[in-house]
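What follows is a single structure, and I will ask about it in a moment.
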């Protein structure tokens, strides 16, 4: 895999173009090596399930399991996959040879009755289960941090911004509670989905005919028992039907990963705005440098999360497209699904990891939030406060132009209004509405 | 809206480019006229909620409700929407004028404390609820038909096809059960989502500050009570937080609509293959004609469903993109979400309607299914059946080339195999595996 | 089309959800009424071409042309389009009836030898030509304004921002020149494409067999002459081959429209950033108001352009997907292409119109640009200027922390550096690089 | 990079999930190793350009060039890229250290005045140029094969199919000419684009300020000369302006790659249809096997091409999205562009390679094409041929139901029609229209 001078071979990928997941646990869990191991696990689990269902001897299942723990050449399999369209077919050949070296009899027990999609789909679900667990853990981490931030900053006043303009006051605590609520929703979806990832075992075309034919009494129950045993061996769920071209599980993964990446991307989008030099209300704990400008402190984690979040919708679209899979096994739809799913897993998990780290060390500057507040953020309050006296329309016209209590006091038509009222109406602290009640309600969720 | 000669004005859309939804109930429920009515409903509901919460007199709420039932000029509102970026702002002006004509005092009670997004998001959820209900009803219809087809054709043998090639035998009943399982899954998601569509009521920037300010005792509870009353008036759900830039509801709609359209598209894809002149196992009950060829009988409903299903992934991607919405209200993300969501609703509901009609009158040709079966569909069975005698590898080699019992009988190495065994191995009816058991299991679901 | 109370029927669209194109010339050019007219134009042009090629009498062509100028019911055609999958088939029936009323003999000359896709594709190209011309005119307008802005503000110093942080100085003129360069590139692509939009005339399956059969001597040339005559009648280009499932023209439209919308979106993205309350270097000439906050001045045109630009990539993806169209006419791919193409045209043209208006009245605030400049924007200059004396690494370390000449002068290791040098290194006006030369180079392009 | 047992580390990718490009030249040209080399080439070219422009000594440029030829650890760089968001920053550190080991003075001449995006964008263009050349060569190969197929099969009659139904006769030669025309169009776009890929050299924010500051006389021309020298050293084109956030080159790549993949995907779609067991008019020269069914001969190259073509639209959409890049360097847009562009290059080039191989060995079965022809394919001809006698409507009604000359002869109303006329009207060979003339016209293009 490496050339003589220690550099990687030109064609190998190590994450150089994807810093959001480089070196992450998700990357470890989704590399070609990890897929190869998962495929081997699926073959071994199938052999053990066959033994439990009486299709092959237990000794053969042990031989397959042992052989599957050995080394196989992923790059060579990748090249040979071109001949049949997927990597399971050459792997079955190599695994059979490896089993034969351990136990000649057992060789004929490899991949019994299965189609290559049974194995690759099951392996993919094993990978998904691990990555969803990684994502869940990182979401937990972020949610905990946001619980703290929302609570600590429940009265930290800052400008709410709408259509790029300062609008009314809000609190940073409410913003953090909003971020948190999306992560709580994402986590619930992740966990619900992780608990129902199905095994795939339909045989050549989803009838399980070969399993029936290989099973001791050649009856339907043999095949269904085998499917249950396979589910038990892998820890995955038994589906109602084989799903070679009934791709609900893939569509559900698309939805959950796109949701999660979007929830993370919302946080990054806000951090990017609030990190702008002219706003500077938030700063990343470990900002990034520049190759040109010595002073730069870039919100680099937010950038990487934002970049990942930008990619998920198109990847999810690709995966939703898999639902329209013709026949009993499709000619291209399935094959075009593998890489986008892996990429969606990696990017989302990588973004989740960066988000947890970013939030944990995020520097919040309440002083700056207050000094950034512009006087006009109380215009709505002034308009409401004067409406009873002046009518809504006239009050709004005044509020549109006069933002301080001094300016208001100078207006003849407000001569009779007590100064304390004008002070209150132009004090942003009096106009954060139900922010605290909303924070409380949000924090009661998903703690 | 119409020119002097009775033709529509050039710029108006009536569904000419979208036969999948033309004339459908979903089209009625999603046209600009329907959106306008929903926006007016939301304003009226807000007024009534304000009255219940004590912010305005009940008489004013009645005046708003009455005025909202009147006529407004959608095309004029569309043009005026350019000035502020959304159609609610000019509508509020027109509605206020209409209320003033009924009750001068009540005019100041229109749109109290709300932002335009509160109203448009709520109106959109009202539209979504109706369309999801239409979709559910059509899915019910299709599921019922498929229950019948799966049961009737549980032993109708046909070729399972994989990567375009005849693979092994299956039954049309199992295919129908597979189609049905995806629709059952879609229906569950549709119903679950329809039951949690939220009202939107955050005020200018999600703090509900104006509602607090307008409420009798100017306390948080006033705003929360108002939100609950608004939910009660609209029949929608109260959210944990205002969701102006926390777009989980939109992402969930994207996921459910893309799932449903994909489930329908799978059926259409199979109908298209099985309708091919050279296969002709299925025929639509009312195929379409051609403007050129008198003999043509095109599977036109399947074509329209397929065309709709092709569009949903990209529309869903657009909507998932809405999750990354900066600030308290976003500058473009929200505005770019309205039309794709409407289009996703229309196309999915239109496809659901066509699918129900297509399935109800679908002509299934069991004879043709049987005569289309090619001898090689039993090759796997032959390979398994001879494996014990010849070894898996040799048995497979024979099965790859010899597909009839006559051919097999002529092989010297099979001299000792009883003719009845070879007959059985080459009889497709003996090789449909667990198809019936799978059909039974599938039909127990979601009946 | 309208209900008794003057409101539009519920199902009709008038642009309520698309302010970016509401009331625009592009909307007029792309509504269902406009498509209906274009289809009728195509039928009339075909009849005249048939007459020129000797397939029908000139009197019949006149009758078809006259009848095609009459009124047809688009909504009724839309509903009847469901039966055959496209609106041309019912229209041919109605047009034939209308011709028969004028000239009984001529009725058999309508749609002679054509397939419905010949007509709808040709009509679509007629629509595209008009909209591309509208887009070109709006791009011209914007380019002219940007030429002025780039020239006027060639020395208007402002902060260049990278990864959200102030980086180094630049000029607003260079920014305007950059915007302009993308519009110049877009305009070139638009014009090049508009000049090669092809007519479609392949007959039932692209062999032109019916045209040969109807032509006087029943030879190939008859069909090719007819195609040339059809191109001449429509003003479109004669293609090498019929392109029913060779969708290069559609893919090229996708590319050009996505490019153009993206070029406009870049401008909007920058306007949105620079309009932020805390930056305020740009202000739209006619900002939008809020339904809640009297003070708001939202950059509403930029919002609408941004929203449109967000949608084009997904629409273009849909259209690129049309390239993979099976057979001689595809079952769904074509049908799924009509609406996304129309939407791409409308949104791009609408955005082009808003951009031209936005730029023309854009308020540029050079004072604010200068006061926003933060001292650290000269850090790179300081690092370079001191590198010869201190080494690159040490110079960068100093520049990272000390940004004013006073601070630098106070450093012992810089004791020997003349004050004038430190003044120059910390003066942003001395560090705009080749900005003016670049502006000059850019303005020489596409004037 | 490898674990002790010879297996790849879990996280490394070797193409296991992408058989379409596994082992291809494009993979070699686009792996992380290749990107690393391209980045190093760009740094070396910059150093030489700096020497030519007088900014650094020629000896330093030689030292940088020599050091850049050494080995660097891509996986380590990938991990360190997280800190700053891109891999160039850590690489500059490592390269500087390597240069220092060769020539202490030269170390300060590395990456002079450049921003990391200058280097990565330029490296990407170098990669693109190589891959576009690979694609061009494969398209040439396919075009040559298709020229032969179109010519050889100009009179090979087969069914044209529309909306899945046999329509009228066509020739396989015309189909091949159609495929070829799209590849000719793709090749033209590839070559045009390859010739205008630009170098990137803007410095920190596109003003080239650092280059001016480092240049001998500190004048604009110094920077422009340097840019020209950089273009000369890399063989890329000098752009009008730095394009850090003016992403026309990326959008153009998106368009050309999506076009090319779609053109290849059209061929694959047709091969898949025509390979169906029930049609079997085409067979791949080296079909793929199955892990379950010994008889299977899957059209595996078409499957892999189809899978790749399915992915390009979404990847292109991602890249078109890059046009909307805010500021002088964007916070996420750029970072989200690297992997989709690489993937688009790999998939398109891999598909081009498979297509060339598939076409070269494609088995065409003219006998099967003829026997598959159904009698109704002449219905249109019959309808036209009888129209003069019976009127268009009655002729069409007859043609819709009677497809053979015997059936027609038996109709009383056709008693007077000579048998030879009915024979001719029902002979598919007489009804291929202008197919040959169209083939000739198409083959004159792009030979």
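Here the chain labels run A, B, C and D in written order, and each chain numbers its own residues starting at 1.
Simple rule for what comes next: a contact is a pair of C-beta atoms (placed from the backbone, for glycine too) under 8 Å apart; a residue touches a chain by one contact, two chains touch by 3 or more.
The shown structure was predicted, so the numbers you read here are calculated from the model rather than taken from an experiment.
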item: Greatest separation from chain C - chain, by CA centre; value: A
item: Listed chain pair A-C, C-D or A-B that repeats interface B-D [over half of contact pairs the same by residue number]; value: A-C
item: Distance from the mean Cα position of chain C to that of chain A, given in whole angstrom; value: 33
item: Euclidean distance of C-alpha centroids - chain C vs chain D, Å; value: 24
item: Geometric centre distance via CA averages, chain C-chain B, whole Å; value: 30
item: Residue numbers of chain A (touch at least two other chains); value: 85, 113, 115, 161-164, 167-168, 203-204, 210, 268, 272-273, 288, 290, 292-293, 298-300, 303, 306, 309-310, 314, 317-318, 321, 331, 380
item: Contact set on chain D toward chain B in their complex; value: 159, 161-168, 272-273, 275-279, 288, 290, 292-300, 303, 314, 317, 372, 374, 376, 379-380, 383, 396-397, 399-401, 403
item: Of all residues in chain D, those that touch chain A in their complex; value: 1-3, 5-20, 22-23, 27-37, 70-75, 77-79, 81-89, 92, 111, 113-116, 203-204, 210, 268, 272, 286, 288-293, 298-300, 302-311, 314-315, 317-318, 321, 331-336, 338-340, 342-343, 354
item: Chain C residues within the chain D interface of the complex; value: 85, 108, 113, 115, 160-164, 167-171, 174-175, 177-178, 181-182, 185, 203-214, 220-221, 223-224, 240-242, 244-248, 251-252, 254-255, 258-259, 261-263, 265-266, 268-270, 272-273, 306, 309-310, 312-314, 316-318, 320-331, 380-381, 384-385, 387, 391-392, 431-438, 441-442, 445
